[in-house]
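As written, the chains take the letters A, B, C, D, E and F, and residue 1 is the first residue of each chain.
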Amino acid sequence: MKHIKAVIKPEKLEDVKVALKNVGCYGVMVKEIEGHGQQGGIVQQWRGEKFELDLLPKISIDVVVKDDEVDKIVQAIISNAKTGSDKGEGKIFVYNVESVIRIRTGEEGESAV
Amino acid sequence: MKHIKAVIKPEKLEDVKVALKNVGCYGVMVKEIEGHGQQGGIVQQWRGEKFELDLLPKISIDVVVKDDEVDKIVQAIISNAKTGSDKGEGKIFVYNVESVIRIRTGEEGESAV
Amino acid sequence: MKHIKAVIKPEKLEDVKVALKNVGCYGVMVKEIEGHGQQGGIVQQWRGEKFELDLLPKISIDVVVKDDEVDKIVQAIISNAKTGSDKGEGKIFVYNVESVIRIRTGEEGESAV
Amino acid sequence: MNVEMAIDTLWVLLSAMLVFFMNLGFASVEAGFARSKNAVNILSKNFVVFAVSSLGFLLLGWGLMFGGNHPFVGTQGLFILGGNIDESIYTLTANVPFWAKFIFQLVFCGTAATIVSGAVAERIKYLSFIIFSFVLTLLIYPIVGHWIWGGGFLASLGFQDFAGSTVVHSVGGWAALAGVMVLGPRFGKYDHNGKTKPMPGHNMPMATIGLFVLWLGWFGFNPGSTMSMSNPADVSHIFMTTNTAAIGGILSSTILSWTYLGKPELGMTINGCLAGLVAITAGCAYVDILSSLVIGAIAGILVVFAVLMFDRLQLDDPVGATSVHLVNGVFGTLCVGLFARAGVTSLSPASGLLFGGGFSLLGRELFGILAVAAFVFPSSLLVWYLIKRTIGIRVSLEEEIAGLDLGEHGNSAYPEFLSRKPAYSAIVSDGAESIRIREVSANETY
Amino acid sequence: MNVEMAIDTLWVLLSAMLVFFMNLGFASVEAGFARSKNAVNILSKNFVVFAVSSLGFLLLGWGLMFGGNHPFVGTQGLFILGGNIDESIYTLTANVPFWAKFIFQLVFCGTAATIVSGAVAERIKYLSFIIFSFVLTLLIYPIVGHWIWGGGFLASLGFQDFAGSTVVHSVGGWAALAGVMVLGPRFGKYDHNGKTKPMPGHNMPMATIGLFVLWLGWFGFNPGSTMSMSNPADVSHIFMTTNTAAIGGILSSTILSWTYLGKPELGMTINGCLAGLVAITAGCAYVDILSSLVIGAIAGILVVFAVLMFDRLQLDDPVGATSVHLVNGVFGTLCVGLFARAGVTSLSPASGLLFGGGFSLLGRELFGILAVAAFVFPSSLLVWYLIKRTIGIRVSLEEEIAGLDLGEHGNSAYPEFLSRKPAYSAIVSDGAESIRIREVSANETY
Amino acid sequence: MNVEMAIDTLWVLLSAMLVFFMNLGFASVEAGFARSKNAVNILSKNFVVFAVSSLGFLLLGWGLMFGGNHPFVGTQGLFILGGNIDESIYTLTANVPFWAKFIFQLVFCGTAATIVSGAVAERIKYLSFIIFSFVLTLLIYPIVGHWIWGGGFLASLGFQDFAGSTVVHSVGGWAALAGVMVLGPRFGKYDHNGKTKPMPGHNMPMATIGLFVLWLGWFGFNPGSTMSMSNPADVSHIFMTTNTAAIGGILSSTILSWTYLGKPELGMTINGCLAGLVAITAGCAYVDILSSLVIGAIAGILVVFAVLMFDRLQLDDPVGATSVHLVNGVFGTLCVGLFARAGVTSLSPASGLLFGGGFSLLGRELFGILAVAAFVFPSSLLVWYLIKRTIGIRVSLEEEIAGLDLGEHGNSAYPEFLSRKPAYSAIVSDGAESIRIREVSANETY
């Protein structure tokens, strides 16, 4: 099984969520993170002093899926996470998962995904 | 070494935390996440318009442990995270960890866990 | 490619961030987590009742890098995350990453890191 | 000591303070009902708008409103700042010193301007709002005020609006409606099927604090409009009708929300209370206690349906200001024609339809409502439109998405609190279009 | 102009506004002391309760309280809504118009009902609370009020409670205590070893704002209870005793919290201030300044121990309302018997034990306290119990855990802020039982 | 009924309530401008400080201020608690009962103490602050007050400060400045290149609520300082100059912030409004409306530059209290010498430089400013220094980093909200030093 982590812009969460449902991926974990990559920060000011928040709000959306579903899901994320701007569109990372257990039933492996 | 990530209901955090301590697992990382799996969402309303929050608050609790402790810990989590309801009890994911370093001492490997 | 996760004290975030930039690592993901390891908790009180928050605020800072950069970056983190206290300085965990995809371009692999 | 003047002045200044304090009430309700990313902006608007109104009313507004009894506009003693003031030419004749009269009228003027703030929230340019407010308080409000309270043609006709359901609330309401139409809805508020996306207020405790302050303020707004304590029974009566209408609004909106919308929503009951207060404002000195309960209760029902209706019409008013102030300002003024009872206080000269007065008063009230609408709505539209064509009226889509606090003020309301942005998910859930595509359509609104 | 009536009316209406404003204070303190998941519910309760009280007092309460001087209950002119009012039959004889008297008494009645709100917070059904409040303000409060302020038997006996330590605060307090007992504690508040789990208030700034508003409101509550400005020195004296008792309460509770509990907790000092204010309410017109400092200081100590004691008894009062209002309402009334000094104001006829008056006054105060307790506590218990047996009193355990805001109102107080739910961890930390098991026990409370 | 006394007492007590209510305003502005980890501490300080001031003023302060007309300090009837009060020896001669006078003066005294609270926020020990406040209100404030309002030498010289730009605001400001200097800046505020690290306020809505409350309170502060309604025109005039200066401050600070700092920051416009109010306080009864607009506008500009200047001097004042109260307290007092116009109210005896009065009044004002500075600043320095050398003045670095709420009170302002700590990132961004190293330097401040 694989763990797919996508770091996307917050405003695309809804689209990506819907897309994931459409390709049959029901379990997701969503986290608010702050990140920086190539995109610039946000300038604020306080009593005349300007400062930059170089960490921008991003959403990390994590799904654990069967090995053969990875491509389909990565494609679904890519095509739904684009906003058309040229920076900060995000990235997808894929990890190996050694085992998955469903707490309610205790069942383990692909059927627990 | 293995990384065990358990996604559980927030109200079971305390139980799971205590159980982990009891089986000798002291280091934990806790995050508030939002997830959805098989459990339904929460309906709210605003000015007569109903809407559903399909992402429910969950707790992700992560521990990194020695290889031979995995089973014991997974069991401890399973038996303490159950609430008795039939949905949304959560899941456990196990990953491989290539190395662990303790920042204070710089020591690496199992002794740093 | 490797995923390096460092759990550090919040007050060292800025130092570590700068250090990571200095060694050429631009993409980061930052999360507020709560953790406990060897460090004790914070005592609060409410209407005379004392209680301890045994989970302390920590920062998890995650970077995905090329295989040959791992050592350099781990070193950079270690030397910048120390506060000089004897507990709760944090840990670094290293995971394997199977693939990385840049959403904007769709490019995959090391060049996407 | 001129004892009577001392007492009246004390009462007028106390009432002015209470109405002034409504600025805090409006700021809290509006900011609480909006999203956190726009809170600083809304607070700033409610804050600067009183400064701008004060300036506008001081420069010219007062003169236009009370400068002689020309039927349409004040023409005498227009500019009061700096010069010597000849009190005798002004048509406001309370037994209090000039500046006490001025302050009392000023805080009402400021209220009208504040009403607009909530309706246009979360997408209007700060500067454009400031300019509109200035025009509103310099020109539009004082002219209507003159007609009704300054000895103009509606006053001569016998149109009655004791404390301003029309003068203040529906003037503010019409101006707000025009603004809402010129501005267009917030990005993502209605999807392409016309379905409303809920955008819940970010801080209900703050909104509730605001509600209580507004309610308190109304005890200056209505009873204070006697501008005198010479008849304590009148003042007490007005105090009582005001409070009773408020509770009527709370109870009916609570019951309606519970039965019709499923749950007793706090936001709806807050609006119900305000609706009752707005509706009783015109008639507070003319109706009896039981009538005030009925008026308030109807207002509490009207406001719930009005909120739903405006959303159906895709007129996006984030805080429900038009439902509260416009709809119930109009309704309350009509109620004078229905529920007035001559002699219920010493200030009540005529009876309405339900108390044997026939259609006469009702007709006059209706005429006044239409006259005010016919002036305020188009002239506000014009001003909003001119602003749109010159300096622009709406922030960029990027800024709207990121929040006006960052864009307009460089500030963040709660820089330390981690927040989810539920708005974001609403924004793009209606399918595959990209933000760029919608940006075009957002510019095309209206 | 009837100058004296004008002045007195101005003073009474101003005081009524201040006491009305205490609704905001109670709402803020109570919501701030509770958990965020219940904030909308608490605010809604504090908001609707005033509407319900107004209705109850208008329908029947006023008449029961002031309708003639039967020893136990008002019997004349009971219904005032809609009819003609014959002022001469009422026993409240201030020199102000009828509706001014009514409003002034109404806001006191509303306060008694609001006190209950905080004690039963975080688990009571919204509807059940509304019904109880209606009964309290329609029947229970007016009857006690009649005994003491309406010419009933305690008034005849010479029982003295100037501004309502007993009439308002301990009536509210007894009703609250009965509610707490019938409801049972919040889920997870006490573990099976009887240990208290702290559930800290979620918003201390809001609680502090509320405190200041309450303190301000008390300047209407106590000095306003003269219902006249004919003796300015009396009013000023009462203002001063009120403030001095408040600071006494702050100082003593701060010192006690610091020395005895380890740190000067903000929550405790807020309660200390309120305790001082409640305690001086009965005697504010009867004691001298130094005594008021002493009374306040003792109250600030009492409240700290009362909070600890109620928790030890597993009587779960989330905001400490019983400790503040019941304990100090009783204590304050006793203080009249101890600290009163005849002649300290023109309103003070008798001296207490410490100022040479012997046990007479003290005895009468004690008798009054017991009479009120003997009526209010059992009748409240009965009403609560009837509600429990009919529509139910407590939300389901699921709803309690998820929060009443979602369950009762479909709202969320702060939908954008990310929050941890510290309550959750407290809930199940005492071992291995599952929620289902405890659900049963929660249903079995009382 | 002594009608005149009744009216005056009503007015004085109303004004006292409004000024009392400023405690809420200060608490909200200060807590909103600080970081969330210190909110409980700031609220506690603003809360306890009024208790301490009341005690100090009651024990000795009143006597020192008004006890006879010795040029430098009150010497008669010093202790009023408990004893019999001989009103004839006091120099405050308003036509109201003794305790009304006392309360009115007390709330002013409390205000001076509250000003200090904001400037020393986020690092001072709770106990040390309490002790300083006690000394300030027991000794320092009353002595200056005696000079100017109690019949002392500045009063004899004809120094004019109608409502306290000097007596209250600059006294509080000097004491605050001394505290800031003895304390040193917050950890991490200035890096080793002297660059200021922004530490944005954590809750702007709360700060804005506070602002409106302060503005309201000022309508008691200034008009109330007549202590009489015998001349209603004077009171109304003062009300108007007060409001006009406030809006002048808002408008000019908004424009300046927009053009000079890039955006119209809410924090700056809040300070601009307060600056206008502080600046008009001395001259509110002496200048005409146009002058009040000009004074307010200049104050709004001054405060922006003052904030930047104090940061450049590394005098770390988290809420800008010195910029608002000290700088504009001094400026406002000078304005009396510039803008006063004899006869503009019945209280205005002399004209200033710009209205043909020559340099005489200006000279006297300048002298008074210097005299007050020469006494308050060094004596405050001394008290702060003594506190530092005995019980210590500053919390430990660990506590400062974790927040004073935990360290001083064991509380957390918002225990359920997840927060980032933006302060942390600012703290250590300037390079490689560890916290330990800086800890030393933090201990070495001043």
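In this section, a residue touches a chain if its C-beta (ideal position, glycine included) is under 8 Å from a C-beta of that chain, and two chains touch if they have at least 3 such contacts.
What you see is a predicted model; the values in this text were computed from it and never measured.
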Looking at the contacts, which chains touch chain D and chain E alike?
B, F
Minimum number of chain-to-chain contact steps, chain B to chain E:
1
What is the distance, in whole Å, between the centres of chain B and chain C, each centre taken as the mean of its C-alpha atoms?
18
Whole-Å separation of chain centres (CA-atom averages), chain B against chain D:
51
Between chain A and chain D, tell me the centre distance in angstrom, where each centre is the average of that chain's C-alpha atoms.
44
Residues of chain F that touch at least two other chains are 3, 7, 10, 14, 200-201, 203, 209, 262-263, 265, 267, 410-412, 414-415, 417-418, 420-421
Residue numbers in chain B touching two or more further chains are 17, 31-32, 34, 44-46, 50, 82, 95-96
A full list of chain pairs that touch reads A-B, A-C, A-D, A-F, B-C, B-D, B-E, C-E, C-F, D-E, D-F, E-F
For the complex, which residues does chain A have touching chain D?
10-15, 17-18, 32, 42-46, 50, 57, 80, 82-84
The residues of chain F that touch chain E in their complex are 1-3, 5-10, 13-14, 16-17, 20-21, 23-24, 27-28, 31, 39-40, 43-44, 47-48, 50-52, 54-55, 58, 81-82, 96-100, 102-103, 106, 126, 203, 206, 209, 408-418
In the complex of these two chains, what residues of chain E are touching chain B?
401-402, 406, 410-412, 415, 418, 420-421, 424-429, 432, 434-436
Contact footprint of chain B on chain C as seen in their complex
2, 6-8, 31, 33-38, 54-55, 58, 60, 74, 77-78, 81-82, 86-87, 89-96
Chain D residues touching chain E in their complex are 3-4, 7, 10-11, 14, 18, 35-36, 200-205, 208-209, 211-213, 215-216, 219, 223, 229-230, 232-233, 235-237, 239-240, 243-244, 246-247, 250-251, 254, 262-267, 269-270, 273, 288-290, 293, 414, 417-422
